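Take a look at the structures listed below.
Each of the next two complexes has chain A plus one more chain, namely chain B in the first and chain C in the second.
Entry: the complex of A and B
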C-alpha cells in the first residue's frame, strides 16, 4: 500500500508542475501588471516606471521571475493583484478561502446519502412507476444547468413563497438555496450510478445464495447488495467534486456569496489575472488532492487496484 | 452479397431496438425538434429578433408576443428560437474538432506506443488535472469573449476524453487476428487504422459523442451566462438568462423561456445519448 501511495503522489507532481508553469506563462502573456496599476495617474514617467519594475522584480529575466514566483507559491504567496495597487493576491483570497469548500462539502454531504437512497429505491422497484419517475428526474437534474436551476429556485422559493432570502451569505437560510442548487446534479449522478450498480449486484450469484439460505430481504439488500454498490461509487466522488468546484463559479455569482468562485469571475472582468489564476491553481490542487484521496481509499478497499501492473 | 445482407440485418436490428428504447425515442424527438428550430429559425420567427421597441420594454406575454418582450422591447419568442442556432453551432463545431483531434491522437498513441503514446497521454493527463469547466472558463477569460473563444476553449477540454477512449478501444483491437493479417499483408499504418480499426470503434465513439453534446451545450450556455461566451447581438440562452436575472422579481418570462429551451435541448441530447448507449453497448444491452 505504501508503494502504491508513493507512486500515486509521484505521478501527480509533474502534472502540478506543468499546471503552475502554464498559469505563470499565462499571467505573463496577458497585458498589464501591478506597475501599470500604480502608474495609472502618471503614465509616461519612465524613470518611476523603471524604479517600480525593479521593486517588483519585473525587470529580472523571465526565469528569475519564475523562480521567485515558485518560491512565493511554496509559502502561499501568489504575487500582487493587478487591480488593487500593492495588495497581495493571498490577502484578497484569504477572506474567501473557507467559504467555497464549505459550500462544496455541504452540497456533497447532501447529495451522496440522498442519491444512494433514491438509487437503491429505484433499483428495487425496477421498471415500475417509482423507478421510471426517478430515472426521469435524474435526467432532468443532470441536464438543467445550475444557473437556470438557481433562477427557478430563487423565483419559486425566495420571491413567490418568500421562504428564504434571495441572496447573500452568513446565515443558514441564505445557504439553503445555493447548497440545494449545487447538490442537484451530483444527486442525479449518484442516484443513477447507485441504481445501475445495484441492479448489477442484485443479479449476482451471492445475492441468490443469500436469498436461498433464507436471509431476510432487508438484510440481503443492506448487508450484501448495498455494501458492494458503494465501492464503485467511491471512484466517482472525485469527478463529482470537480463539478461542484466549477459550480461554485456560477452559484456564488448568482447568490452573491463572497467565495473564491465569485472572486475568480470578478478577476476575469477586472483583468486581475493573478487573482483568477491563483484561484484556478488552488481549485486544481484541491481537485487533485481529492482524486488522490479517492484513489488511495479505493486501493485500500480493493486490493486489485493497487496490485495492478501500472496503477492506472 | 452475404456482406450486404448482414449489414441490412444489423441496421434493422438497430432500428428495432431504437424504437423499443423509451429514452432514445423521446430524446430523438426532442433533438429533432431543436435541430428543426435551429435550421428554420429565420422562417419560424414571428418578429425580427433584433428589433428594439422602447414602448414594449418588459411587456408581458400578449397575442402579438406570446413570450413577452425583453429589456429592449425585443420579442422573446423570436430570440429563444434563434438562440437554438448558437447552441447547436457550438456543439457541431466542438464535436467535429474534438473527434478529429481526439480520434487521430488516440489512435496514434495506441498504435505506435512508446514516446508518441507518452507525450500524447501526458498532455491528456495535464488537461484532466483541471476541473473541466474551470479550464474552459480560464481559456475563455484569456482569449476574450466570442463565438470562436467558446469553440476553442470547449475543444481544449473535450478532446482528451475522446483521445483516452479511442486509445483504450484501439489497444483492445490491436492484437486481433485481422489486424495482424493486415500488417502481414504490408498495409501501411494509416490504412490499417482507418480501414480496419476505425469502423470497429465507431459505435462507442458515437455514444460518447452523443452524451457529450449535452455537456457542450451546457458549458456554452454557462460561458455565455458568465459573460465570457458568445456576445450580443447574437441571442444565446445563457446570455438571456443572465439578462433576465436582474429583473426576475417583476419580469420572469425571459428567464423562464430561455431556461425551458435550454432544459429541453440538454434533456433531449442526454436521453438520446443514454438510449444509444443502451442500444449499442452490449454490456448494458440486456439490462
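Entry: the complex of A and C
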C-alpha cells in the first residue's frame, strides 16, 4: 500500500510536466497582449511599450521565456504578476489558496451525508410518493444553474428576510449562502446515485440471505447494503470534489469571495500570464491528488480491491 | 423542531448584527483589487478610485466638475510661456504629520521619472520638463527644470509650452516616507495629503481608509471609507439593497440599464456624463468613398442618436454632437444637434455618385466583442438606409488597438477617455494630425494650427475659444461622426449626503456625511 502510494505520487510528475508545457503554449496562443492591457490609453507610446516588455521579459523569444519560467519554478519562484505592480505571484495566490478548498470541502461535507440520507430514504420507498418527490427535487437541484440559484437565494435570504449578508468572506454567516448554492447540485447527484446503487444492492442475493437469517432491517441496510453502495459512490464524490474546486468561480464572483476561481478569471482577462499559469498548475495538482486519494480509499472500504501487484 | 428554528433565527440575527460596521464608515464598491496603491506606479482606473481619496495634485475638481486649486493656491506662467511658478498652500500636512513643501513636489516628480521605478500613468505628463530625459536615462539624479524657491514656492520649466501643467493629475507624495518606513512603505501607509489615509488592503476583499484628521480642506466628516471589492455589479446592487453599501458606482452597461429602469432606485441615482467621447472613425486613406465629405455627412445623418440612447443603451447615454464631452472644460453646448435625416442622407450619397450604395466597395465596421451590438446597429442601419455594403467585424482588443494606432482600420466605432478635465485631451490626441491616436487619420491644416496655438495659450478663456473654432472645423468637415456619451450611474442611500460624481467617477469622499 505504501509503495503503491509512493509510485502514484511519482507518477504525478510527468503529468505536471506535460501540463506546464501545454499551459504555457496555450496561454501564448490566446489572442491578447498583457502589455497592451497595461498601456491602456498610452498604447501608442513605443518607448513605454518597449520598457514594459523588457520589464516582464516579454521581449525575449518564446523558448527563452519558457526556459526562464522553468528555471524559476525549479526554485519555487512563480514570477511576478503582470497586473499587480511589483507583487510576486505567490503572494497573490497565497491569500486565495485556502479559500477555494475550504469552500469546496464545506459544500462536500454538506452534500455527501445529506445526499446519502436522501438517496437511501428514496430507495427504501421506491415508487412511493416520498420517492417521487425526492427524485423531482433532485432533478430540480441538478438542473438549476448556480447563478440563478444564487440570485434566488440572495433575494430571499439576504434582501427580503435579511438573515445573512449578501456577499463577502470572513464570517460564518457570509459563507452560508455560497456553501448552500455549491452543495445543492452535488447533493442531487449523490442522492440519485445512492438511490440507484442502493436499489441494485438491495436486489442482491446476500441481502436476501441476511434478511433470511433474521437480521434486523436496520442492520441489513446500514451494515450490508450501504457499505457496498459506498464503493461506486466514492469515485463520484472524488469527481464532484474536483468539479467543486475548479467550478467555484461563478459562486466566488457572485458572493465576492476572494478565491482561486475568481483570481483565475481576473488573471485570464488581464492576460496576467504568471498568475494564470500558477492557478492552472494548482488545479491540476488538486485533481491528481483527489484521484489518488480516491484510489487509496477504495482499499480501505472494500478489502477485496487489492492495490498493486505485490499485494498478492 | 420549532424551538430549533427559533434558535437558528436568533443565532443568525446575532451573526448578522455583529458584522455591521459602525455607522460612520462609508462603504462603496470597486470592481477589482487596485493594481497598486502608490502614486508612482499608479496606472489604472480602480487604483485611481482609491488613491484619489489619499493623494492630491496642484488642482482638484469641484462638485460641478470645475478645476479648483488644491495643493497649489495660485500659479503664474513664465513670460516666455515655458514654465510656471507655483505658490503652494500653507498649512497642508501629510498623513505622516510632516508639512507639505516644495521639496515634496520636486521629490515626487523625480521619483516618477527615475529608471527602475516603473513610473506609471502620471509620468507621461513630465516629458517636457527640462532635464526629464536625463532623469529617465539615469544620467541625472536631480531634475534640472524644477527649482525649489522657499518652502512654499516651486518653479517648473519646460522645453516646450505645457499650459495645462497645473491641471495634470500628478499626485504629490511625502519625501520622508522611504526614510521612515522603507522602500515597501506603500504596503504600510499612504504618503499623501488627501482627506483619507491608508489603513489596510485585504486582497480580494477590501481597501480600508481612515479620516486624515489634519486635512486642510472640508471634512472628512466620516471616520473611515471602506472600498469593498465587488466584481459583479449585480452583487453590488444586491448589497446596496441590503444596506451593506452606502453608495455604488455601476461599472457595467447592462446593470446600468437595469437600475435605471427600477423605480425603487429612482430617487437614489446620480447620473453624470463620462469624460469619454465616442465616434465613428472613417479612414479616408483606406476607403475611397470616405474621401467625399458628402459621404461622411450622409453616414452621420443616417444614424439615429436618440434611438441609440433609448434603444441600445436603455437611456444610459447622452447624444453627442461634437468631440468634447459635457463637464470637460471647453465643451460647447451650442453645437447644432445632428438629427436623424434619412432623406438628406440618401440625397447626399446620390450627389456623391453612390446612389443607394451603388459603386461602393464592401466595408467592415471593426469592433471588439463588448461593442458588438453597437457595431451591428451601424452596419445594419447603413445597409438599410443608405444601401452601403457594410458588415461587422469583431476582433481581439489588443490587436485592434495596435491596428488603429497604425492607421490600418478603415471604419470603426471607438472611444477616448480624457485623463484630465480639459478638451485639449480629446482634440490634441484624437484629431490632431501628427497624433498616433488620430486613428482615422483625418487631417486638416487649419485645425492643426489652432491646436498648436491652444497648446501655447495659458489663458483659459482664450484657449477655450480656440477649441471652439477647431471643433467647428472638425464638424463642418464631417471629419468624424460623434455618437454618444456614456452615462455614469451611481446610487446613494437615503441619509447619506455629499456624494458626487464628476466626469471622472466619484469625487473624493471628504464631503460625505451620514445620519
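The rule is short, and it goes like this: the second predicted complex is superposed on the first by the 239 of 312 C-alpha atoms of A that agree within 3 Å, B and C clash if a C-alpha of one lies under 4 Å from a C-alpha of the other, contacts with A are read in each partner's own complex, and residues count from 1 in each chain.
Operating definition for what follows: a residue touches a chain if its C-beta (ideal position, glycine included) is under 8 Å from a C-beta of that chain, and two chains touch if they have at least 3 such contacts.
These numbers were taken from a predicted model, which means no experiment stands behind them.
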Partner chain in contact with A:266 - chain B first, chain C second, else both or neither: second
Touched partner set for A:58, first chain B, second chain C, both or neither: neither
Contacts of A:96 with chain B and chain C, given as first, second, both or neither: second
Chain B versus chain C as contact partner of A:165, first or second or both or neither: second
Which of chain B and chain C A:86 touches, first, second, both or neither: second
Which of chain B and chain C A:254 touches, first, second, both or neither: both
Touched partner set for A:45, first chain B, second chain C, both or neither: second
Contacts of A:173 with chain B and chain C, given as first, second, both or neither: second
Touched partner set for A:151, first chain B, second chain C, both or neither: both
Residues of chain A contacting chain B in one complex and chain C in the other: 151, 154-155, 159, 253-254
Chain A - residues contacting chain B, complex: 14-16, 18-19, 22, 26, 29-30, 139-140, 142-148, 151-152, 154-155, 159, 196, 199-200, 242-243, 245-246, 249-250, 253-254, 264-265, 268-269, 273, 276-277, 280, 283-284, 287-288
Interface residues, chain A side, partner chain C - complex: 31-33, 36-38, 40-45, 48, 55, 83-86, 92, 95-96, 151, 154-155, 158-159, 162-174, 253-259, 262-263, 266, 271
Complex interface listing, chain B residues touching chain A: 122, 125-126, 129-135, 137-138, 141-142, 214, 218, 221-222, 225-228, 238, 241-242, 244-245, 248-249, 252, 255-256, 258-259, 262-263, 266-267, 270-271, 274, 287
In the complex, chain C residues that touch chain A: 9, 12-13, 15-16, 18-19, 32-33, 35-36, 38, 41, 43-44, 118, 120-121, 124, 202-205, 228-232, 234-235, 238-239, 241-242, 244, 396-399, 401-402, 405, 416-417, 419, 435-437
